[in-house]
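Two complexes are shown next, each including subunit A; its partner changes from subunit B in the first to subunit C in the second.
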Partner chain A sequence: MNKGYTLVAALAWRNLWRNPRRTTVILFAIVLGAWAMIVMAAYARGMSKQVFDNAIDNLTGHIQIHAPGYLEDPVIDYAFDSAQTTLKTALSDPEIAQFSPRVRVPAVVASERESQGVTLLGIDPVTEAKMSFLRKSIVAGNFFVSARDPGVIIGKKLAERLETALGRRVVIMTQDAHSKIADRGFRVVGIFDAMMDAQETGFAFISLGAARQMLNLENRVSEIAIKLHDPAHTDATLERLKLQLPALDVRAWYKLDMLAKLFQDTWEGSTFVWHLIVFLAMGFGIVNTILMAVFERTREFGLFQALGLKPGFILLQVWLEALLLLIIGLAIGNLVAWLSVLATGDGIDVSAFGQGLEMAKLSKVIPFVLTARDLLIANAVVLILGLLTCLYPAWRAARLVPAHAITRI
Partner chain B sequence: MWRYRLAFLSLLWTDISYAQDEAKQIIKRAMDNNRGKSSYSIAEMIVHRPDWERKSSIKVWTEGTEKSLVRVIAPAKDAGNGSLLLGDEMWQFNPKVNRVVKLPASMAHQNWMGSDFTNNDMARADDLIDKYNHKLIAQEKHEGKTVYVIESIPHDDAPVVWGKEVIKVRADHVFLQQDFYDQQGNLVKSGVAQDLKIIEGRTIAMVFRMQKKDVPDEWTEFRMKEAKFDIAIPANYFTLANLRNARD
Partner chain C sequence: MHAVVSCKNVKKVYKQGAIEVIALADADLTVDEGDFVCLSGPSGSGKTTLLNIIGGLDTPTAGEIIVADNRLHTMSKSQLAEMRLHHIGFVFQAYNLIPVLTALENVEMVMQMQGVAKHERAQRARQVLKEVGLEGLENRKPPELSGGQQQRVAVARAIVSNPKLVLADEPTANLDSKTAENLIDLMRHMNTEHGVTFVISTHDPRVMHHAKRNLSMVDGRIVA
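On to the complex of A and B.
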């Protein structure tokens, strides 16, 4: 019995190379298909990861705490006491890697010549450094040196727009906790260069101490951003925090930045569609090739059957041919895909496509991220669907009637 | 003059001690001179641009440093528009929409009624006294009288965008000129007084023009038509209800 299988396998292998040109062509198609699937998956994964990382980094964090009402109307009236005991207890959760209290209100920044509406953030320099993009994006001047630092940090684009520069003063105007106009001069102590222009023009950062003093906020803050050790535990941690802080509004990043979530889902979904398209094109090619190989050997199969080979073995032989074809194609395809991902290094620079990227929450360089899961899915799709479709030619070969087959010209 | 009042407007009265430096005293006295305990005036405001010019007439009441009310009386299309200043807050009333709007911080740097003055110029003029360091840098002569040239540099945390201001005050407590410099020392705009007259014993500039340096054909001018000082103004005059009520 075992010998039978060995024979069938040997036959399949030899038959595969009976027509080397045809086999090479279809191998090329499989390699190309596998390559396209894997590389596209890596690209989509890279985008999705980037959308996520950018969202988290862009002052969102994994979870945020606000006073109820703040997210609908982000003004100073919705502030909460950051020193309350329940909050401190909740924030000592072991899943929480870092949290950062912030004052976050709309404001206007004015220079001698221009003024611009921004989101004013009062931040704690120590905690914020580990929280968001700001610390690592400073290109001129320095980060805040103390929690009561009297300076302001603005983006490069905002500085250009205001026609101001490092070391000069700007005036920040907003409303304080008593609904009075609060305004103060701040010296520009730092300039940051962020990945996205909207970050550079949309924010001005002052120290938490200065913000609380200017806005008469005492111990209150507008939000607390939280970073977790493992983003996968976001939902579980969110539930715990919600239970402990019933009076506050606790939300996960995908509720805060729904656009980012949407883009992320879109990218992941696009992988599936892409796999389907590639496979359809490739699948027809494979079926066609095997079908050709079967038709060409009608007499041979008829003879096998006449000699007593069971139809099951014929089916197995054709199937093995397809399997060998798929395995060789996938092996080369995986290798080529891996090499091309390796060749892109940090990612591909898509800045030539301009500002639309920012709307899609992407940066100028998109990395390829190859994950074991995506690799497995691409290979499984090709292998399983490939074998399923090849069932048809194999079945055709197996159900030939020997008398007819042999007499066929 | 009129503009003075608004520009320097509420400056005056702050409770700083009188024993401070001379430059500050000079400015303070000039502000007192401009405003009196209370005042009432009618002025013409001309906003000039290269291709058009707009003239309107306004009435202004002030009391102390904290209160003032401005009402447009002509042209008919704008009549009834008003601004009320209480401390550093400002409200505007537009009779066409019959609505009083409190000026948000975001509008502080926008033009006041289309002129070359910002809302902040109007509302925050009293910052000039205590949020700057004043220094007497020169003395000049003007029509035979001494003119003090004072350089005023805002404190680091002052809500002032300018790098410095240079102010000329004549010995009879009249502001002759106010120059605004950016933080690199370039002149940005300047206000110049002309046609000094004596009204009720005070020397008052009848014309005050604010002009941006880099667009010389654009300016705003106030021409004083009538002024009275230390008059009695009803206690309820500087209120939102009265701002709405255009009976003048």
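On to the complex of A and C.
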């Protein structure tokens, strides 16, 4: 074993502070790069998580079951028996945290002044409360108190459009299971305030009991939405359900809300591109700095070789200097990134861009989500690519011919 | 007597574009253990080139060099470094010291690479620094030392691990005459007291005056 390691480590450390100005500048670049990578990853992760949470919360759930044909043409004709035993067995899967049966048909809601086309949902108040945004979004009145509650719950924006209010009556009109027009009056018992305007104007909720009665559906429903204990197990659970329910159409959230999936993928992909761009900018700076340091010390490297330090140790010395730079820069960068994510608290308020965000399936406040995995990736990118690129200047230093290095003025 | 250095027909040609510069033309040299050889000659006669080649810092175009029983032309860069570490000390005209290390650390460095225990190498380095008259300046960094003091540190470092051979390329060129005189005395002292073999290139008559053997170079050849 050669004994140069401690010497080389000590030299790398001292050389780092030999030109404090240059070291500070490059440290600043690494800190900035690490910060940009981590914060951007946290932002993208927050976006992605938000898109996902909203999609799931927005009635979609992780998995849904329909009768074949319903998704192409969501009308009353494609209803299925929710009391069948195979379905009940399938829904007892231990991965399933909650499921909620729904009647879901197009309808028209009319007040004495206005009418509006909506998606009418008949929901089970007990299961739906744990399923979607509705229960926690009620701002006036109350949620359904029984499975046969005779009231209707509408969004704030819809109430404005219909020029109606809590306690007033509206008429809901749709087609029943026998293709006859069904209409009935409902009292507005609750108003909800959702994250997105489309949710407030697009839906009207009645109790499952009332819906079945009005539409002559008996035990049938249009869909069953399912929430899992762990979203990561979506695909495995989906496969099991499909096997058990060959006569039904079982789909995961990303097949039901493809726009959400697209946005999520885009955000996660953008992180990668961003990392690459930041690293390219930073990498050039690092290599340049180390190269400059190497050229300045040409004579010194020649001297080291004359004194018997092997070329491998010269390489190691330069490389360790780069490693120290990277580690110090990353440590500070992580700290600063962590503090800035902490400082944003619940997230940044982007309500000024309200309309566009809705298209992008985002809410008005975007939380930063810092995951261990993203932190690890950002740090690994800087460290590994940084060390790889610094091999070049280190190699340049090691392959100098000592005689020429020493005599060079 | 045992030869520390033996050069036979050593040739070195530098190519500068189309022009070939013959730095060494069939140089022959044998240096015995305990010798104190002085190499003089006009500028460009090949003194530095020869010393570099003997030290394995550069490779000859042709010829055979044996240093402390190592056949240099058969060795890799790493092996040459290892050979220098254990057998050769260097003193250059200037820039001999690593600027981020103190005088003591500069002297210790070679022993550190050799794997000498920390306590022992510190003790030896202090002792040698004392011997070259730098007691009390151990913790100064090179910029805080005068040119003469720096050269003394370099001599201390060159001899501290008892090498077979010390190569010094114009060690006194940047020193005033009194300081130069002192440095030569020091090297001569190391030669007589410790039996260290020296090969020194110089233009300085006082150095030649101290030599056991004076050799002269002209046009890449050793003439006398």
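One rule holds in what follows: the second predicted complex is superposed on the first by the 406 of 409 C-alpha atoms of A that agree within 3 Å, B and C clash if a C-alpha of one lies under 4 Å from a C-alpha of the other, contacts with A are read in each partner's own complex, and residues count from 1 in each chain.
Note that a residue touches a chain if its C-beta (ideal position, glycine included) is under 8 Å from a C-beta of that chain, and two chains touch if they have at least 3 such contacts.
Remember, predicted model here, so these are calculated numbers, not experimental data.
**Q** Using the superposition on subunit A, tell me whether subunit B and subunit C clash or fit.
**A** In the arrangement built by aligning on subunit A, the partners subunit C and subunit B fit side by side.
**Q** Check whether A:169 is in contact with subunit B, with subunit C, with both or with neither, and answer first, second, both or neither.
**A** Only subunit B is touched by A:169; subunit C is not.
**Q** Looking at the overlay, what does A:377 touch: subunit B (first), subunit C (second), both, or neither?
**A** A:377 sits against neither subunit B nor subunit C.
**Q** With both structures superposed on the shared chain, find the angle between the C-alpha centres of subunit B and subunit C as seen from the C-alpha centre of subunit A, to the nearest 10 degrees.
**A** 160
**Q** If you stack the two complexes on chain A, which partner ends up touching A:309: first (subunit B), second (subunit C), both, or neither?
**A** second
**Q** On the A-aligned overlay, A:6 touches which partner chain: subunit B = first, subunit C = second, or both, or neither?
**A** In the superposed model, A:6 contacts subunit C only, not subunit B.
**Q** Go through the superposed model and pick first if A:403 touches only subunit B, second if only subunit C, both, or neither.
**A** After superposing on A, A:403 lies in contact with subunit C but is clear of subunit B.
**Q** Enter the shortest inter-chain Cα distance between subunit B and subunit C once the structures share a common frame, rounded to whole Å.
**A** Taking the overlay as described at the top, subunit B lies 86 Å from subunit C at its nearest C-alpha.
**Q** Where on subunit A is subunit C touching in the complex?
**A** Touch residues, subunit A against subunit C: 2-4, 6-7, 11, 14-15, 18, 299-300, 302-312, 401-404, 406-407.
**Q** State the interface residues of subunit C toward subunit A in the complex, per the touch definition above.
**A** Touch list, subunit C to subunit A: 48, 52, 55, 57-58, 77-78, 81-86, 88, 90, 92, 95-96, 98-101, 109-110, 112-115, 157.
**Q** Show me the residue ranges of subunit A that touch subunit B in the complex, using the header's touch definition.
**A** 106-108, 110-113, 115, 117, 150, 164, 168-171, 173-175, 180-187
**Q** Show which residues of subunit B lie in contact with subunit A when the two form their complex.
**A** 88-89, 104-106, 108-109, 154-163, 180, 182-183, 188
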